[in-house]
Structures are given as C-alpha cells and as structure tokens.
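Below, each structure is written out as structure tokens.
Consider the two complexes below, in which chain A is the common component and chain B and chain C are the respective partners.
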Partner chain A sequence: MINKKIAFPSMVHIRRIFGEVLTQFLNYLLILFLGLVIGAIVIFLSGKDPLTAYAALWKGAFGNWYKFADTLDRSTVLILCGLGAAVAFRTSVFNLGLEGQLYIGAMAAAIVGFAVPGLPKIIHIPLCLLAGIVAGGLWTLPVSYLRIRWNVPVMVPSLMLNYIGILFTQYLVSFPLRDPDAGMAGTPVLLDTARLPKFIQGSTINIGFIIAIVMVFLVYWFMFKTKIGYELRMVGYNPNFSASAGMPVKRSTILAMLISGGLVGFGGACIITGFFGRFLASFSVGYGWDGMMISLLAQNNPLGVLPASLFYAALANGAMTMQSQTGVPQTVVGMVKGAIMFFVTAQVFVTYFRGRMKKWKLTSTG
Partner chain B sequence: MKRLSNVLGLLLLVAIVLSACAPTATPTAVVTEAPVVATEAPATAIPPTAVPPMIALVPAGRTGTEGFMFLAGEGYKKAAAEFGFKEIILESMVAEEWERNVRTASQDGANLVIAVGSTMQDAVKNVGVDFPNTKYVLVDSYIGGDNVQGLISQEQEGTFLAGVLAAQMTVLKDVENMNPDKVIGFIGGMDIPVIHRFLSGLQQGVAYIDPTIKIEVAYVGSFADPAKAKELALSMIENQKVDIVYSVAGSFGDAGVFEAVAEKGVYGIGTDVSWDEKVPGHVLISVLKHTDVAVYNAIKGYLNGEFKAGEVKYGLASGVMDITDMSVIGDLVPQAIKDSVFKAKQDIIDGKIAVNRPLR
Partner chain C sequence: MAEAISVKNINKEFPGVKANQDINLSVNQGEIRAIVGENGAGKTTLMNIMYGLYQPDSGSIFIKGKEVKLHSSRAAISNGIGMVHQHFKLVPSFTLGQNIVLGMEPQRMGFVDNKRINQSVKEISEKYGLPIKVNNLARDASVGEQQRAEILKALYRGADILILDEPTAVLTDMETEELFEMLRGLAKQGKTILFISHKLREVLAVSDTTTVMRLGKIVGTVQTSETDSCQLAEMMIGRDTVGGRMRQNGVHPGEVVLELKNICVRDERNLLAVKNVNLQLHGSEVLGVAGVDGNGQEELIEAVMGLRPLLSGEVIVHGKNITHTSTRKIRESGVAYIPSDRNKSGVAIDALIWENLIASDYYRPPISAWLSLRQKEILQIAKDLIQRFQIFTPSANLQTGHLSGGNIQRLIVGRELGSERAMAVVASQPTRGIDISGTESIRRTLLEYANRGAGVLLVSADLDEVLALSDRVVVLYEGELYDAGVVDDEVRKRVGNLMTGSKEGCINDK
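Now for the complex of A and B:
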C-alpha cells in the first residue's frame, strides 16, 4: 500500500512504492479511458460526434484561464465533501448524511454572514466558516447518539437526517429568514465582510479553494501521522480487534462523525460565502453525494480526494459547455462518472497490474 | 493477459471507428443543435468589415420545454435570424449553473447577455460588477447596476382582467360544478416579487367587481414540480370550495394544476401562453405574456445603440401583456361578462383604470 510507514528507506522500498504508484496510475488511466469510451458510445448512438463533444468538454473545463479558475473554484466544495466522506469511511462509519450536513453548515454560515454586522473581514469570515463547521459537526450528534446508545447502524439515521436538514433549511428560507426581494427562496444577502475574497476578476475562484487544499494535507496528516488518526483507521479496519486492544471505539465513531460533518459543513460555508452570497433553497447539485463518490474514487485517501475532486469539477463545468456547444446532454457525463465508479470499485485492473509489477520485480505484494 | 490486450485493442478500434464515421453520419443534426458552431465561420453571414456583436441567451430553465422560457427563446431566435449576430445559448435547470452560465457568456466575450427569469437576478448582480463593459438584460426583474436593463412586464394589468372574469364567473349558478361560494384559488410557483405582481393584479381585478370574494393563495416552491402543484390544486378544490384556479406555477406546474382542474371538472386560468386549447372546456382564459416581443425589442434596441440601463415596462398597451379572446371556452362564459372584460382591458389601456404594481 502506498500509505505504509517506511522505517528504513531502501532500494526495495522505493521500488515497491514506485511500483504501487505506477499500478494506481495505470489503473486510473485505463479506467478513465474506458469511462470516456462508454460515454463516446452513448454520444455516438444519440447521433452526435463524440470527439467534438469531448473537445467542447475540455474547452469548458480548461479552455482558458477563466475556465481553469472556475473549475478550481467548483472543486472547492467537492474537495471538502470528499474529505468528510474519506474520514468517515476510513473509520468504517458510513455517514450517508453529507448532503444534510452540507445544507446545515451552509445555513449556519449564511446566518452569521448576514445577521452579525459591524465585524471586520478578518474576524467575520473565520466566524462564518467556523459556524459552518460547528453546525455541520453538531448535526451528526443524533446519529452518533443512536449508534452509541442503541447500536443503530449509522447508515440509516444519517441518511434520514438528510431530509430533515434539507427541508428544515427550506422552511427557514420560506418563512422566518426569507428575503422578500430575492428572486427565489433565499436568505438576505450576506454582508460584504462575510464574502470570501476573490483574486481573479471575472472568475469565481476565491480563498476557499486555497483553504480546501490546505485541508487536504491537514486531514492527511491527521489520519496518517497522529495517534488519534491511527486509532480511527484501526477502528475502521477491525472494531472488535481495536476494542480488545484497548482503543476507544465509541469515541472514535463520534469523533469521525464530528470531523466528517464539520468538513462537509465547512464546504457548505465555503460555497455560500464564496459563490452564492446568500443561502438559496436547494442550492446543492448533490455535492454531498458527489463527495462520497469522490472518496470512493480516491480509495478513501485524503490525498487522492484532490485529483478526484478536480476531475469531478472539470466534468461538471465541461458538461455545461458541451451541452451548449454540441447539444450533447449533460447527463452523458453522469454516465461516464457511473462507468468510472463501476471500474474503480471493481478493482479488476489493479489485480492485473499488481501481477505485472511482480513480474517486473517492482513490488512484492500480490 | 492476451485476452485483455484483445479487449483493449477492440475498444480502441471501436473508438477510432466511432470518431471517424460520426461527423459524416449526421452532419445536419450537429449543425442544427449547435448554434455556436456559427461562431467559427462568421464571415459567411456577416459583412467582413464589421465585427458582429455576440449576444447570449441564458435562461433559468430550458427554452425547449417551458412556456415562458420557450417564448424568450423564440424572441431571441427571431432577432438572430433578422440581425445575424453571434449566438450563444446556455441553458441549465440548476441555480448554481445559472450564475456560471452568465459568467461563461461574459468571459467568452458576449456584448449583451440576456438572462431570462427573475430567479437570475443574483447571477446578473454578481457577474455584472465583474464585467462593467458587458450589457445585461434581465427579464422579469431589475436589481440596479449601470449595465443592467430590467424588462418588467406589467403582469398585474393582465391578471386584473382575469380577476374581473373570475369574480363574475365564480358566483354563477347555472354553470356545471361552479359553486355559489365566493372563493377562487391562486397557485404560484414561488413566493417571489414577480409572482406577487400576478397575484396583486388578480386581487385588484376581483375587488373591482366584488371586494367580498376571497382568494386562496398557495405556493409550490418550484417552477418545475407538477406533482406538488396538482396536489395543491386538488386540496384547494376539495377543501376550500375553490371553483376557479389561477395558475402561475411555470409550465410544468401549470400542467399539474390543470390536470387537477380537468379531473374535478372545475375551471382554471392559464398564464404566459394560451392554455385554452390545451385543456379545452376548463380553461376560461389565459393571461398572455409575450416575452418574445420584449426580448426581441431589447435586442433590437441594443443593436441600434439604444441600450439604456434601468427598467423597461411592458403593459397591456405595448401588447406584451394580453389575454386570449375566450373563443375556445365559448358560451360557457356569458357574452355580457366577456364584454366587461374587454371593456376593462380598453379602460386600462386608456388609463381609466389604474392597476397598482406591488412594491415586492
């Protein structure tokens, strides 16, 4: 495994790591290719030219600096949701409530953003983001409580809390927090001091993306280089063993849920303060669900979340251009994503490449 | 190993074959579906001396399916055929992509961006400040800005007439399924200013005939939720003695409402496009909103160098707001009532009746 602790770096170790990296690289390259081929077949069957469509897709995602910056911006919330999912899944806590936590975090950030006047930017922005983190984290507590008190599997209550969270925020923007001047159901506009600073005029990219990148490395460090992170991972591998080894399994579950919800709530706060400028009812295009897919795509590795999120963001932004320029519907991109997820979870190519690596004496693991 | 390479080779072959034969297989389809293709060869349509302006249409929905959006698209296409500018249409059903689409159009160098729908107002506001040299036309709303023109239809003038009609119809005793209770229903898509304009006109029109008539109001919360719109309509008809339902819930929502109306055998009033023929015998009248004319005029004005930031109002007098002639419903509506509606229309145009526009 790529994450193995290396006590004594030697040629053997380096070759193993190189072999593993090469394995994964070839694996993803092949998966990407197959996904695109399946998409191409669908595009072709619908009577369009796949190459033109993919060219437009590329242009929409990376065509010029604006597009590139917008793609990076769109990946911000995906990165944070992906990290949230990765932390939970690593601990074998199947938190399916990401979408709800995203909405709650976003709403908390929006409330602090428009209702707390007179603060300088340097205090107001962190306060908004913090509100998102805290709200997203606290929203997971009922699930953890059910898990600890009655041993209810995390999956079901966390999934159900999605509806409660999303519809609760919808109620808030429809009645008590409604801005009557808004073009659609939403809270009042955030104060200028709560908006994340942008650094390219004409693009939406903002500080949030940089914070998200920092979070990637922070979460990686936490999960793989700290004692608590080690406990979380061990509980994830085998809770029974961890318990008999004296590790706090219950505490790890609560902690993983808190961190997961906090990261996702952070993502919600970033998209509200960075992009929308106010909370809008049903603003998310399924970012919570995408976060889970991204985490799976990254094999629950925080470092892998970064490229996976960029890939998802590029597909999403590119699909808009592809649809407008070639008339190929955006849903084709959903099929490409689905095909890729299928190959990733099936892991067939990894097994194959591992065999090859063994032959080339690049790795010893089978 | 060998089998895998065979599979890969086959896939590669398929990919090559696909990419090779696709463009020749359906050349016409590609051209018609992709108006932007024209940007790559502008020299044929436009005189080479002038750089053609680029005008983008960014609807908050799809121009192919929805009444209001469809009309905006029609106006845009008519202007495009007439004036021959560079076209770019960016459609999406998702709030986040509305702003991204407005931004994309601006980044790609559009001189004029037409955003359709009051739900677009945040998008235009956020993007407009970043591109001070680009002009924006916002259909149905106005949010300020030196480079933004808001096309405000005077919906209240059209719905006033619907109110005049409904108020007289709801008390008729000899019409099938029309109860004597003085209650009519209003189903709006969202609780937002543009829908309030529709509602306000209806209220004023009803009060003009009989102030004691009650209007039950409900909002769907979406312009694309026919199931919920139908449920609201059914609940109004069954529980609140509503016999005439006015629907402004987007073309999807309207379809749901009129399904309920037809099921229960009661009556409805349509919006934006004529619903009279689509649900014959049940839609008394439709309040037409010729967004196509407004969009066409905005483009024409821009190309003539007459773009002005601020609100542009379109009422009954301009012909953008209008009503159907009630010929489909026929004798169900007594001629005297029809005449009173037409008279009210003329009075509004002549300024004899003042219909107030709500602030929000």
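Now for the complex of A and C:
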C-alpha cells in the first residue's frame, strides 16, 4: 500500500478535463436548441412562422455591422451586471440588489457628468465612472452591516434596497434634478466632456464596451489568480472551512458586496455616459435582473459572462426587429430565456452526460 | 410476561463497517430496556432497523411472536412501533397539537378540525400523564415539551413500543427526571420502552434491563437491579487493557506549548457546554481527550481555535496569551487544527485539491506574492504534500470531492502539518469514518509529529484510538474535564468510569 504511491497518469487527467469541457459545450448547445424549440412552438401556436421570426431576430441582432455593433453596445451594461453578480454569487453572497445598485451608480455618474464643468475629457470620464463604482459599492454597505451585525441573510435586505434605490433616484430625477426641457423625467444632459467616445460611425457603440471586455478578464484574474479572490471563492464554497483555516469570512462578505455593487454601478455609469447621455427615470429594462441570470448561465465564471451577455444582448436587440417585422411579440424572447434558465439551473443534461462519460471511461480504460 | 418485540440474527453492513452483527434481542411488554454502548457501537442502526428506516441485510423481526417485515417507518407505525429521534421533527410554526396529529388530523367537511385536535390530544395527554400546552407553537415550546409532543405523536399513532434515541441528551436534569417519571408511567400502562443512552447513571435510574452493545455486537443483557455502573462500563468499553498500542511509553514531555486556563464556553442553546476546563499540553506529548460525543469536545476545541466565543478563561500558546484573537493569529502563533467534520470544516469539497492544500498558508510567501497567487510554487508545494502524505490522486488540479474520505483526511493533515511550523496540534476525531490503512497512516503521522517535539491534543470519541496513541488521558464528561492519568494497564477502567459518569466510584442506585 505504501509503495502504491501517486501515479500521475496524465491521460486520465486530460480525458477528464476534455470530458468536462465537452460536457459543458454539448450541454449549452442542447439547452440553446431546446430553448429555441420551445419559443418556436409558442410562435407556431400563435399562428406565425417560427423560421421567419427567428430570421428576423437574427437580422436584428447581427444583420449588418451596425446592428452587430449595437448588440455589442447593448451587452456593455449586461456584462458589468453579470460580473457583479458573478463575484457575489461565487462568494455565496446572494446580492439580489443589482437593479438598485445600477440606478444609484447611474445617478452618481450622471450628477458628476452634468454638474462638474470645466474638466478635460481625460479626467471627467474617469471621474464619472468612478462615481458610479463608488456609489454602487457603498449602496451595498447597509446590507453587509445587517449581515455582519445581526446575521440577516443578504438576500432579503438587498432585494428590499432595490426599491429604495430605484424610487430614490426617481424622486431625484422628478424633482430636484429634473431638467424641465427633457420630455420625460430626466436629469440635464451630460457635458460633452463626460460622454464616452464612440468609435464606429452610425452605431451607438462606445469605449464602454472595450472597458467591459477588459473588466471580464480583470475580474477573472482577480477571482482566480489573486489571494483575495481565492479567499472570496473559498468562503463561497464553504464558510465554515474558511473560518477554521483562518480566513476573514466577514471581511470577504463585505468585500464581495462592495465589488459586486461597484461593478454594477460601473455598468450604470457606462450606460449613462455612453448611451443615454443623461439619467432617465426607469432607464433600465431589468439589466440588474438580467445580470443575475447571465451569471447563472455562466455558472458564475467571469469568462462565461461575456458570451452569456452577448447572447442576452442579441436576444434583446433581435426581439425588437422580430416584433416590428413579423409581429411576433418580444415577450416570446422572454419565454426562450426562461426555458433556457430552467434547463441551465436544473443541470439536466450535465448529469446525463456525466453518467455517459463515466460509462465511456470505464469501458475505454478498463 | 409476554414478549413485545424481538429481533433474530440481525446483520447490517455499511460500506466498510459491520454496524450490526448477529443481533438477538427480546423485550417484554411493559419493560423499560436501555441500550447502551460507545459511539459507533451500532445502537442507532439497530433502532433504525426496528423502526423500518433501514433494512437489515439478514435476520428477522418479530412483534408479539409474529414475524413482520418493516419496509418503512409507516409499516413500523402500523405495527405499533413509535420512535422519538434525538433531533425532534416538529413543524416549528404549528401548534404542538397540530404537530401531534400531523398527517392524520380529525377533519370536518374536508377541513382540519382544530377543536377536535385539541380535544383528542388532551385526552391522550391526560391518559398517559404527559402534560403539554396544546395551543403552544412548537417553536415556542421548551425542549422537554417538544419531546413530550414527540412521544405523544407516537402514542397518537397507536404505538405500543416506543423507541427513544438518546432522549436525555438535550434535556436539563429537571427535565430528565420528569421524563423518567413519565416513562415509568407509560411502562405501567403496558407500553414497552427502548431507549438509547450513554449515561449510565440514567440507565441505572430508570431501566428494568440493560443491553450493552460494542462494535456492532451485543455484549450482554443484564437486570439493571443486579448491576452497577462499573460493570456496565467495563462491558461497554471492553476488558483488554490497551490493545494495539502505537505509542512507546515513557516519553519525556517538553515545555508547555498549549495551556488552557479556566475555560468556559456556551453551546448553541446558550447552555454551559464547557465548564472551567484547565489543561496543559507539553511538547513531544500526545494528550488524549476521551469522552462520548457531545460532552463539550466540539465547543472546547472551537473556542480554543477562536471559532466560538470564550465565555471566560485564557488560551496560552507557547507563553503567549492568544485569548480573543482571531483564528489566523492563533494559527500563526503555532497551532495546527484538524477539525472533526472534514467535509464541513476541513475542506471545501467543490474546490480543487491544491486550493484546499494552501488554505492555511495562501496569504504568505512563497505561495503568494503581494497580490497574486504563485501558480508554479503552489503546484510544487501541492505535489510535495501529495507525495509526502500519500494523497492518492492523479493531479492537484482535481476537485477535492473526487477523493475518498481517507484521502481527504490525509490532505487536511498534510496541509496542517506539512509546513512543520505548528508547535501544538489540535486533532479532533482525526480518523473518524475512514478506512484502516488511512487510519493507520494518519495515526503514524501524528505520532511522528509529536516525536519531533510538538504537542498533540488528540480529541476522539474512539477510546481505542485515544489509548493507542496517547501518553496521558483526560476525559470530558458533561463539559467537565477529569484527569485519567498516564496510560498504563489500569487506564482503560479509569477512563471507562469517567466517561460514563461514575467518577466517584460505582453507582448502582435503583
């Protein structure tokens, strides 16, 4: 027994990793397919042709370079919200307050954007973004305090804080900060020095998207390659274990919330300074909620957030074209998303494939 | 008297453990039968078989002389068997009355009839002398009252045979007295009672007969009036002095590495779980802490490691007072910690093996640079630990959950002892539930570590383990620490008496 030391049979190892990647790939492919099939059935039942509808959806999302760029632009805020959710969920901190943090971050960025004149672009833009990050992050502190002080589960207060955040910004934009010239409840237009530069003529895409991509890799690096990220992940896996290993469990909770809220606030700042150019009441069509779904879809992996966000953005942009061209309502897309979420969270196929893999391994190695 | 229930030749095996071997047991109607034995003696397995929760691998069960097959607890209930588990299974937001009738509520026009619930519950409550407040919510009821509700729940379902799994473990002394009074009353009305216990004082006080189990077998059944606690203790823990001794005698202890002064700790229920414990652990010494599970071991260790607040007292490591500092500070001052529940506190089962291997050292060089983790160094260290501690895995990059229990435990030991910085090792149940070869290698590692000058505090409910490894043994009983002295030929008897609660000589009051 003593001599039966450690084998390093690389084949088994490689096969295992390969099997896992293959499993996940097949899993997502099947889920995507099934989601679309369910959507197709619904479209068919409502008397429309699913194929034309999906063709319109595709055209709306990727039909030409501008559409494609618009889809990328739409994904910016989704990526940052998805990253925010991923950091929190990885730490097993169930921050459901993304939507509120998004509004607060957006409002802070807007205020700095229109109320601080005389700055060069190179300072004004970072300042706006920073305001969004800081505001979104600080907005999580009451939740962390309740968690640390009285052991209140993060879920409920963070969820409640959504309403406070959203309605508070709505109040600000309806009364003290309202621009009477705006058609709807909105702040004054941001100064030009606060607007994110666009780089494709004819598209709304701006450097916010580039920043978001950089953030994907930055957050990945932070979570998987740094010691604080390691701490967060270990606490997320098992707080009891982390505590007995001597890790600062409470600090990790606070930090995960701060980073999560900061990333989401960053997203709010990007969409205001990049797309809208002013804070508008109810500007978000559930980006915060989508962020959570995206993170779940990505299995809380920052790298997975990128494709998942692009997928969500494509569905959102494509759905508009689909509705205008074929009369199939946008809500069908919601159904597709719902079905996909169901299959992802149920992990139906992964379990199935793992079983198959095991059999395959047994027969091929045995 | 008529036989109420009996089992013949029951065998039950779990992976790696023969939990029950050739069990024969017969209990008469109206009898109070105590089942005693150490942790892991097979008592609970046997009771679960009698209640239909487990199926025996072989053997048969007879109720009133008729063979029955108990495929489920439902079958057991319909055969008149009721069980009260150690952890109560009540719906916290229901009243006690509703809990008692749960699943067979009296109805009126399809609705639950609360009036009749209260009425019928009151009836049986009075009939059997188990007072409860029917309308109290379960979550507001005292522990004793919850237990009475559990007993009534069984009686309401027509139980003639009551199985109680460590009924006194959660009770105060007063509540225990009341419980015994009720049990005697029930027996007088013809109910048959089997109860599991570790506490011989209680067994002697209430039971008619006592069956002793050890290592999955029945050692014997005695009339309680004709025995005393010393005889039962000896039956429970065996007669052989010290079998399989791995530690050489006569080790010279070094200076004190870990000292506990007047430690008091509360448990989750806010009761005093550790009472004024004083202890000195020397270098090169293995100090065994024996005792039945749940006598304050967990609370004591967690308090020492800074994972649970100390009510009072001081923890001193190497002359440095580390009371009320953080777990990290305590570890940095030279304490390694092997927690009792490896999956709960020893590893993150979903993390990779290397991630678990660096969990107590990840924040300092060479593993960590200022900000980032150094992958190359980590893999080197992980490979080294995997090799040295014989963790059987193809790679450090696998999920820890793929490892067997023994491998996970070696991983934990490797992490804690691999850097060889710790001067005191707190090892709690280090070999619980792992195979023989794993047990062997972990015990050897601990002893080697002590031989190199560190002190090992070995907390284990496995008395054989404590006696095989320790130089000196102390016993925790109901939160108090008793010294059983150095390991010699008489130590087993001394420890046995201490851990079963007969510290001031043998008890035989009836």
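Quick note on the criterion: the second predicted complex is superposed on the first by the 340 of 366 C-alpha atoms of A that agree within 3 Å, B and C clash if a C-alpha of one lies under 4 Å from a C-alpha of the other, contacts with A are read in each partner's own complex, and residues count from 1 in each chain.
What we mean here is this: a residue touches a chain if its C-beta (ideal position, glycine included) is under 8 Å from a C-beta of that chain, and two chains touch if they have at least 3 such contacts.
Here the structure is a predicted model, which means the values were calculated and not measured.
Residue contacts after overlaying the shared chain place A:Q347 against neither chain B nor chain C. Counted by residues of chain A touched, the larger count belongs to B, out of chain B and chain C.
Touch criterion not met for A:T331: it reaches neither chain B nor chain C. Once the two complexes are laid over each other on the shared chain, residue contacts for A:V37 go to chain B alone; chain C is not touched. In the superposed model, A:V285 makes contact with chain B only, not with chain C. In the superposition on chain A, contact is made by A:L51 with chain B only, not with chain C. No residue of chain A is contacted both by chain B in one complex and by chain C in the other.
Partner chain C is touched in their complex by these residues of chain A: 1-2, 4-10, 12-13, 16-17, 221, 225-228, 230-231, 233-234, 237-238, 240-248. Of all residues in chain A, those touching chain B in their complex are 33-34, 37, 40-41, 44, 47-52, 60, 64, 66-67, 70, 74, 170, 174, 178, 180-186, 201-204, 275-278, 280-283, 285, 317, 320-321, 323-327, 352. Interface residues of chain B, counted against chain A in their complex, comprise 1, 4, 11, 14-15, 18-19, 22-23, 25-26, 29-30, 33-34, 36-37, 88-92, 94-97, 99-101, 103-104, 106-107, 117-122, 126, 130-131, 141, 190-194, 221, 360.
Looking at the complex, you find that chain C touches chain A at residues 305, 307, 326-328, 330-332, 337, 339, 344-351, 355, 359-360, 362-363, 368, 371-373, 375, 386-387, 390-395, 397-398, 437.
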